[in-house]
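Per-chain numbering from 1; labels A, B and C assigned in written order.
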């Protein structure tokens, strides 16, 4: 077998975080490589390196034996590498034909004027390759998701005519938006194109990976932890490898002696957000930490956002201390005593270009004021200093602009905004440790436990297994918008990591 | 059915208006009045053509009134006129159009390379061109003595002036540009998803500069035709063009958020607006209320056409 | 000094530097301008513009734009004149309060309808203008003589124009509000990051409604000041003030992208705008050419104060 493409010793860092750590990968001609791993394992970073969207810090990329530099998607395309996006790369107001040749040299225009007839012929030819029987002049907005995926594929396959040699086709979670028949038809296309191209297929669903791949490549913590031919795959072993560093060191763990209230603080009954979550029911009591976990798109975040009044359309019932919670916007949720730490710290969490103290005091500052809407910066200052010390926020002063702090300290500032008031009863944390270094993470773990000990009800969407296993009293595993497993008494009898991974993928 | 209303809503609205006004006013549905509607629609249509490409790209251009006034003044002092001695004949037309193109291209270049929102850049350009028109204005109101220009408004074929025929021709060209040129096709795509186009190697900035330049050219043409119609050079001649143009584009379905609509839609919008004005006067509404009506129509049209885009987590500035 | 620190310095103190330069230039050209009487009458004449600048600062602090202020000032002048025979002094209060309510409605609608502020306020501009034209039949309306509010506004205390004193009082109140109240904190934070502020539990629709109420109310006050000086109003009396008002705000250093600036900086910007007008007049250029100066000043001021990190794609 000849090697079509290879990565050798690729390392990629984003600030303090190492996303890819000395990763190597070879792809043979005519093979489907299935790439699997948890969130943050580095699988999408590696795809972006291959597609020319990220440049690696160190390492070599070879195409057909030759060393190449992939500085942009266009350069990757010239090397015969194409990425099939989930859906975002098509322009819906243009026709299928135009989309097919959008990123190719313009051969169907003369002096900027379209030659539609020629474009149609060329597009027809490309669509035949993927057996898509539609008029090339259909607007993409009229296509189903499955058809769009095929157009994406045809767009990549049309590189054939431009590039000498083999194609490398990357599929980035292509099944996420498809229904089962569409998935099957995608798979048959992939099998059909194998003879003239190599395929890398990323998915977070184990069954799909096993179905389509010739070889399985497992990522964990930015490293390759397994590379197995399909015949030699041991599924349980793969689950075990995917857990990686997230294995909790059981000796170190201090089980929490949770004082969980008898009356639930929050009860969800049959909550549905169309297209995101379906029929979610759960209860959360004061003093309890309930951990939600699932792969990207599983809907765990949507539960938090719905309770906080951020979902545009939803149905079902939410009770709050025995009364219906009628909340339609964040201000109303805050009035009731609910707080939310968003996952998108930069856009939704911190107020950029303002100081640490304004960020802390934005929500509850008025509670420490003179009344009548007047605030007391002097009184606030003392309290902010308290929280800065308590949470170990490293900042030169509380008048520092929040943008200049490190990610971990920014997150602690955003968290302290909720602790600043006197009325918080339920705190929802959406990926609170995302992008933080290990030290900042364990600091934050300590704070969260302490808050629960003080009687706060905490709903947590975790980034990693060890996060939810370390913190939670109960765990709910989400898959495809539904609850796929529910585990009580986590602190007393912790479930195995493999058990959780199986429920997730 | 609901799909039909969504895609052809503006056309249905136009038909509805025409039917209603024909019922309530005897004079509305007369040939003479239809001609009057077309005459009134011509210059707003030219402005709307220019604006449409800019809006499709999700930018905005507020400089219409200034550029049209400036064009009008440049025209009236360079052709035969009652005040200045300069007379370059019909060469004044390419001169004025080039001035318009230049103003538009400058706005786009400043917006792109200094990284400022087009709203602000063109607001500044609006003021600057209004002021330039005032600076160029000679001591007295210059009468246009170039009959080849004034005849455009006076000379009628089949009851319609050359201005209307010129506008129709321009609409056809604009439709062709929209459908057959890379610029036309990419304009809407830029408004829909600029990052993907940049990643695909499309030279987005060129298309943006072209759109603003073309828009500037259209405003200048509007200034020339205004000169033909009123027969004098006036620093206020462009006043009142901005409102109806934006309202018309949005009414027709060329949204301010970009990526949607087109020349056809904007032209329907122009007809809706002009029929509305005309019809309301026919049935006896005070013409002084006109700008109030247009203001309300802008708000309702923008709100109605973007109602389905409402999200809680959305920045509205 | 690096480029960044120079830019930072210009952003912080640029307005004062520009004011000093222009003042020097203008007073060299026309030394008479520095006499107290000249300054006083300049401040009196321009009090309407200054009060509009004070009000217009608030929406811009949010990153919004209120284009309806000049039309509101004209309409307010018309309404005050028309109501003055019946209501006397109360006509002024009624008009300002009513304008504030209408402005608040505008601000509230921006959030509820999710229509950009410049569209709502552009539409409002048309509505106000149309109503004004209709009410006056495109003619002048005079104010009833001998009404105390208007006479007070048109006269002086301790040799200083009462209208200008009122501008200072309103500016001072707004400054206190912005510094000391929860609302003021929310306004700055809203301008810095609307979504984060919303998720922090701030009632963003109310914040926006207040800012637009303030700008409309101030505009109406400006209209009332205008008729107290001229005794006549028309539906277009204040129309030429929109752009100088926006120039004043952005030249003062309040960033159009929101979150940075203040009422006092805007007042300095307003003084610059006034001096540009004076400069154009004494240089013998036609008065309309001040628009060129304004247009270019607005472009330079925005170029210097916009936070480009906040606008991802320039549109």
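Basically, a residue touches a chain if its C-beta (ideal position, glycine included) is under 8 Å from a C-beta of that chain, and two chains touch if they have at least 3 such contacts.
These figures come from a predicted structure and were not determined experimentally.
Contact count check for A-B and A-C (C-beta pairs in contact): higher for A-C. In this assembly, A is the chain whose CA centroid lies farthest from the centroid of chain B. Averaging C-alpha coordinates per chain places the centre of chain B 29 Å away from that of chain C. Centre-to-centre separation of chain A and chain C, using mean CA positions: 46 Å. For chain C, residues touching at least two other chains, in rising order: 195, 198.
Across the assembly, chain B contributes 310-313 as residues in contact with two or more other chains. Chain contacts: chain A has residues 310, 329, 348 touching two or more partner chains. Note for the complex: chain A touches chain C at residues 308, 310, 329-331, 333-335, 340, 342, 347-354, 358, 361-363, 365-366, 369, 373-375, 417. Those residues of chain B that touch chain A in the shared complex are 179-183, 185, 188-189, 192-193, 196-197, 199-202, 259-260, 310-313. Chain contact summary for the complex, chain A toward chain B: residues 72-74, 88-89, 91-94, 98, 102-103, 106, 109, 112-114, 116, 309-312, 329, 348. On chain B, the positions that touch chain C within their shared complex are 58-60, 110-112, 114-121, 123-135, 137, 194-195, 235, 243, 246, 256, 258, 286, 288-299, 302-303, 306-307, 309-317.
Those residues of chain C lying in contact with chain B across their complex are 62-65, 109-111, 113-120, 122-131, 133-134, 137-138, 194-195, 198, 243, 246, 256, 258, 285-296, 298-299, 302-303, 306, 308, 311, 313-315.
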